[in-house]
Amino acid sequence: MNLMPFGDPDDDKLREECGVFGIFKRSEAAALVTLGLHALQHRGQEAAGIVSFDGSQFHVERHAGLIGDTFTKQSVLERLPGDVAIGHTRYATTGGGGLRNVQPFFAELSSGGFAVAHNGNITNALTVQRELQRRGSIFSSTSDTETILHLVATSGARHFRDKLIDALSRLEGAFSLVGMSSKKLVGVRDPLGIRPLVLGDLDGASILASETCALDIIGATFVRDLEPGEMVIITDEGIESIFPFQSRRPRFCVFEYVYFARPDSNIEGRNVYEIRKKIGAELARENHLDADIVVPVPDSGVPAAIGYAQESGLPFELGIIRNHYVGRTFIQPGDAIRHMGVKLKHNANRGMIENKRVVLVDDSIVRGTTSQKIVQMVRDAGAAEVHMRIASPPTKASCFYGVDTPEKAKLLASRMSVEEMADFIRVDSLAFLSIDGLYRATGEPGRNALQPQFCDACFTGDYPTALTDQDGADNVRPLSLLGGAG
Amino acid sequence: MNLMPFGDPDDDKLREECGVFGIFKRSEAAALVTLGLHALQHRGQEAAGIVSFDGSQFHVERHAGLIGDTFTKQSVLERLPGDVAIGHTRYATTGGGGLRNVQPFFAELSSGGFAVAHNGNITNALTVQRELQRRGSIFSSTSDTETILHLVATSGARHFRDKLIDALSRLEGAFSLVGMSSKKLVGVRDPLGIRPLVLGDLDGASILASETCALDIIGATFVRDLEPGEMVIITDEGIESIFPFQSRRPRFCVFEYVYFARPDSNIEGRNVYEIRKKIGAELARENHLDADIVVPVPDSGVPAAIGYAQESGLPFELGIIRNHYVGRTFIQPGDAIRHMGVKLKHNANRGMIENKRVVLVDDSIVRGTTSQKIVQMVRDAGAAEVHMRIASPPTKASCFYGVDTPEKAKLLASRMSVEEMADFIRVDSLAFLSIDGLYRATGEPGRNALQPQFCDACFTGDYPTALTDQDGADNVRPLSLLGGAG
Amino acid sequence: MNLMPFGDPDDDKLREECGVFGIFKRSEAAALVTLGLHALQHRGQEAAGIVSFDGSQFHVERHAGLIGDTFTKQSVLERLPGDVAIGHTRYATTGGGGLRNVQPFFAELSSGGFAVAHNGNITNALTVQRELQRRGSIFSSTSDTETILHLVATSGARHFRDKLIDALSRLEGAFSLVGMSSKKLVGVRDPLGIRPLVLGDLDGASILASETCALDIIGATFVRDLEPGEMVIITDEGIESIFPFQSRRPRFCVFEYVYFARPDSNIEGRNVYEIRKKIGAELARENHLDADIVVPVPDSGVPAAIGYAQESGLPFELGIIRNHYVGRTFIQPGDAIRHMGVKLKHNANRGMIENKRVVLVDDSIVRGTTSQKIVQMVRDAGAAEVHMRIASPPTKASCFYGVDTPEKAKLLASRMSVEEMADFIRVDSLAFLSIDGLYRATGEPGRNALQPQFCDACFTGDYPTALTDQDGADNVRPLSLLGGAG
Amino acid sequence: MNLMPFGDPDDDKLREECGVFGIFKRSEAAALVTLGLHALQHRGQEAAGIVSFDGSQFHVERHAGLIGDTFTKQSVLERLPGDVAIGHTRYATTGGGGLRNVQPFFAELSSGGFAVAHNGNITNALTVQRELQRRGSIFSSTSDTETILHLVATSGARHFRDKLIDALSRLEGAFSLVGMSSKKLVGVRDPLGIRPLVLGDLDGASILASETCALDIIGATFVRDLEPGEMVIITDEGIESIFPFQSRRPRFCVFEYVYFARPDSNIEGRNVYEIRKKIGAELARENHLDADIVVPVPDSGVPAAIGYAQESGLPFELGIIRNHYVGRTFIQPGDAIRHMGVKLKHNANRGMIENKRVVLVDDSIVRGTTSQKIVQMVRDAGAAEVHMRIASPPTKASCFYGVDTPEKAKLLASRMSVEEMADFIRVDSLAFLSIDGLYRATGEPGRNALQPQFCDACFTGDYPTALTDQDGADNVRPLSLLGGAG
């Protein structure tokens, strides 16, 4: 058994698995993609890739590690010449495949080169892959993104655009993708619009990005969100928008507002930070509490804690300090250290907490192990009472749409009541935001049970698509079957 | 010209240069020092070293990089056996010396092995070094810490303790040091007590550390601050305390409260976070202002902004979002990117800022270049007015006591009035905390001009020691002469 | 312009491009493949790969660098469990593909996993690849070996063996390949048998290897050479041998005897070292010469020089000393060094050479630039006369069968007569072995011009296969079109 | 237990431990030192260092690994500007000191910078070091070279030259050193001249080097050997030669001729290759033998084998082939491989050896373990008889003068008779060269027992200097006390 590894508390979070970025006809395209991916680093920290096109050739680079350690090197950027480029940042490089699974994927098709990167997860990828293998396709990765490439390659359609539509029509699940050929930059959102994708503009050069914060970093203008089911085709002639798929009622992922997206991004007209503050305010309204201070679990609990404090009138205080100097290696202590309650990432600020009744605000509870440690730490620092308030409903079902969730049985809320969870993490009281409260914070009147406005499957188990590869066993961890793109 | 490098805004800060940690007679000593140094990482990020003693031999390891990337490796810790160890973390490895300048320094003296690490800077080190060279001493580094070692080695005193006292008595400047021999762990603070040093206890094993946060990480108990001028000698017989130097009125570094120390540390009985909140409150009281929101420059401006908001009644909001995924390499853009105002580390949260009158709170202004960029970013996000409030007086003189300051001429406040500075950074108004306000925030009635309670030389130019190596030229950057320890 | 890089003289050689090794049902299979590839390192030094099968899963590792630096690491071998494995060592990792082009190639076909590695070059690979792309195959490398994999994947045949025969029947060129599925180890030599492949046995476990020296390293027994056009299928039931291709008169590569193979290998019943000595003896007989000493250009000229000395009665002497401590980086000198005639790899032994009439023996002349430098070095050391004797006929045509040759125009013999070449390298006399002399040294009575016993295209331009991808332009460097396997 | 590691057979050799090189007033000095050290790589492969002086500053670089991998990098050479430089290559970086023990050593003395590198070993270094520590000197390494530096630093003499003479006069043992200050390049050989040192010239720039092969690589002219006890001082004024030490009868190391020096070097007027051939001829004369072929153990046995073959009339054949593609890592096999007799570096050439009576020629036997394996390999290849002939007398005493020898008890000849050794390595016969035969091969009439012409302590136990640090226990491995320079 190891110590809580450096960086650990974030391991007890759901993990968004990908961010995408593309730019069309702008000098130093790869450098701009690099900057965009840096702004999207919260959507995937373990590996990234960029493909550029220089007018005659495609160039591919894939690296494990943070953007700021890899693609910012001059030597790397020099290997990515051209004025069109797309990029992808990714949470996991799990499995033996190493860099083989890092996107974008690129292939020289008979019609020319094509590169694609996507955020989301194809829920029938395994089924489609087996079919493609039977007709002779060879897969060089375990990523569902490669499935898209093979579907395009083997499509009987004549024109490239039709091949792509043909391919995507075969897929179930979530995908917000960017693709490029020698003449086009393409962006597509699946018909449910589960993952975000926005269109931007930099002095006339079109940009596609997962979130608006990636436009801000280079001073680009936000144009609009892509619509669910929309495909935009960007060429020298301009931007064409089509809706090639069967239309469906949109179900944007509500957890993007709770945790995944960056607080300074705007998604579908809403500022993420403001929604999180409203979530905190709803939380305060739903459960009144006498206490002395409101303390966020940093950093993800901060906006909700501010909203909670403003609504409740209690003071907002930094009662837990985060050490931002994380490292990459683990310490493997012997017995003398193991049971010491080492706090590598967080420390309670005793001077602020001692003898206080503390409201702790966090975004969610996944396994509950980190919550347990943090509560203990706050108690050890002398808190009189510890009350935990969670800025979302209990997380009790796996996500199959591009989020790394533990298998269902490991989700604390899938096997315990709120009271049992309170005992487990040893708080004086525990409350989650109601599902209607969450919807209200986004501006909706509440959840429409017949036609829910969002994908909230992780809270409700109500999956908006077929899960062909899962064959009903919803507590199987989906990514163990076929690596989702992110 | 490069882009604002990744991690840049912090480059426009004064830099504390060292943290120290030592532990006596506890199994896995080096692992515990590693954890302690990780908690002190804010005092120096570029290199670290640990010396351990296993009962018969000393072991030395020095590595460039973050603790969590280097000393947490099992292979490194296995090379540091023993139950006594000291460690040091350091800001800079500048100069050609590379790891040669990384502390602790160790030497096999005729009386046995001795290792020493210190936080501070010896202001007559160069003068003493030249003298030692004339009598045949060979220096293997350019660090002033090695000077201490040579003074001990060449002391005519008979016993080890007297050699050390003899050596330290020759020094001017600031030093909070930890040392170890085969039988002892020693801690010393210079007579002015410029840098912090605390004594802790872990189930009977004594600990020395720069700050209390390094005790917290391993669950150790805080015993007390060392007194200015005190030497504690920890052996199997217990802890002996002596005061071997001529007594002087203490002058603790007030900037430790403003910026250097971690907010969750307690120094000389005061909680750092609380003092920073009080600084914010003083700032609000000294300069009343009509505005809509209080926005901290993250992360260092946060506690003062909270204090300011609570005192002024204005809402505290995260109007600037920090990207914590920093990297280590620079991007070197061509013309197309260079003038784009790229924001690698900070982004304004437009949804919160647009059309607001913003009070920006930061801890200090050094060169002013980062403030300028941040103000511009906030304006670009649509702020109606931008008012900057600084949680300390104008920084207008270099520090010679273990802080990396630019030469005096580069300090914005050394060559501009407050009005000129406001113009330079383009704010609607700019105000600094008064020196008396700063003292009040620490609990003093104000600054005693005849006998100042703190070292505040960076604000006042009033240096509490001789500066022998500087020969009067106070705008020479001190560390260019001889590498200070930190 | 750089100095002659470290290791340079060998750059002026033809380069064999691959070695293969496979073993069936023997514990620690990957470690044995590692040892076999180490013995075959002379057939490719830049990268290597191994695929193992552990009874349920295939494992793939590819690394750039020498076997002894990469696959010998315990951590690498632990990632290659199982008792069946094949491996490949390779000369070049040229092109942007990096490790993508390193063999063996592996694919999960609908019929199960299949891995393949080959030595040789497919001369219609590009043509076949284009056809495959038109039907939807996606290539992840530029290696002709991947073409084999796709042909197997898309074959309409029912059984795996028939798919493989079907695929190989489509190919022109040279291939000695090893392949493995979950149940079989397969070895195939093309109908001309251009490259070597032998069958060995280690206590009942079957082995396939490019040369017998790879059997010796692990103490395995040599069983026999595979026949040209033979396919052996090794399973738990035993070894099956079939001849599925149209029969042709064999044309083994005669340059394997001249330079490529290791001197301690036996190929088709002949010991390579002995043939090289006989080549030297033929050379002495063909051109009598009065001289004082016979000096090999180390190391490749040594056996022929020994044979020459024994036949001529002149003493064999080490007149040139080779520095075996080669490195990997280049020195880029300024003007002061550039024209100094630096000798990084070879040095003339002046004490032995001064005032002597020297017969220099080398295996071949490619561009002639190294010969020029070596002759100058021997002259500078005081030789009275320098006579060059080459252990093969003039090399005047490119090889398209797995050897890295310069384009034809860069081959010295393609544009100069022997007299002109003698002038160019500045020797007192120059002689090459006759083509009949070379055949005689192998035990043949001479070259049968109508039905040559060997492939000698590099000497004669007489190519034994179609060169479909070359469209007649035989001075195009073949590997620039499509990366040959080796 | 590991396999015979890659590169192992050479581990059963005595190891010369250092080579030195210096150049005065020539542009690109460090690049020329790099080339010189590359030519001296056989004298130490594990680490190297260079110090240069650019007219105002000294620059130091130290790297582990081969010269051709480290100092040939442009970035490294750019950090070594100037026209005066010295360098050192070294066998071992054993011990915890890592690069701390890599020479040259440099110190800023009160009189200015001084760098020194030496080949040899100081036999009273430990004693002197303890004395220096008592007076306050701090050692940063465990190398005896640092002792020289401290003796210079603490010398009471007034001028630099006198300080150096003063320092060297305190030393016992072997030293061929090069040193440099801001104005001088200095070369010194100890009074016995145990290690070589030569003076060269490159268009007027003076050079000092361990062997002449280091002059050849850059086209420099050999001027002369330094005399035993000579100090040359090279300045802008020219070369001054003095003999400051008490005169003694020279005792050059005879093992330099047997194995250490490169065959193309000339030492004290003798060509090393020719002496080795004469050694082989003596060996043939001393022990007549009926056999079929003479086979060298490559590479060190080659010259003697050629001499043996020419004298005996038997054919010289490459019956053992060496794999020059060595690597750096070990393979750790399980049981299935361990007892297989794996031959990583050498392979018997069965085609040449089978049914032959073989004379194996090697330079020396140290532990005998490698000889045992090689004999077994030759027997396994079918040799009818195996006769071992050794080109030196039995090695039965440790060297204390810069050679890494096992402790005496591990030397096979220290505990077995020749007959017992023959049994141990399982040969049909074994013979060593007589000590007089060895002297005859160098041109002497035989060994003068009263005043031996060479240092032959490893064969005779007759040490020409005091061994102060050894206190009589001559089977203690000397370097375990204090790291010798080489």
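Order of writing sets the chain letters: A, B, C and D. Residues in each chain are counted from 1.
Basically, contacts are C-beta pairs under 8 Å (C-beta built on N, C-alpha and C of every residue); 3 or more make two chains touch, one makes a residue touch a chain.
Just so it is clear, the structure is predicted and the values come from calculations on it, not from any experiment.
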| item | value |
| --- | --- |
| Selected interface, B-D versus A-B, where C-beta contact pairs are more numerous | A-B |
| Rounded Å distance, chain B centre to chain C centre (Cα mean) | 62 |
| Chain B and chain D, separation of their C-alpha mean positions in angstrom | 50 |
| Computed distance of Cα centres, chain B from chain A, in Å | 36 |
| Residue numbers of chain B (touch at least two other chains) | none |
| Arrangement of touching chains [line / ring / star / complete / other] | ring |
| Listing of all chain pairs that touch each other, if any do | A-B, A-C, B-D, C-D |
| Residue numbers on chain B that touch chain D, as the complex places them | 59-60, 79, 96, 107-110, 130, 133-140, 149-150, 153-155 |
| Sites on chain A touched by chain B in the complex | 6-7, 26-28, 31-32, 34-35, 38-39, 41-42, 45, 66-70, 72-74, 77, 213, 216-219, 262-264, 266, 271-274, 299, 302-303, 306, 310, 315-318, 321, 323-334, 336-337, 340-344, 347-352, 380 |
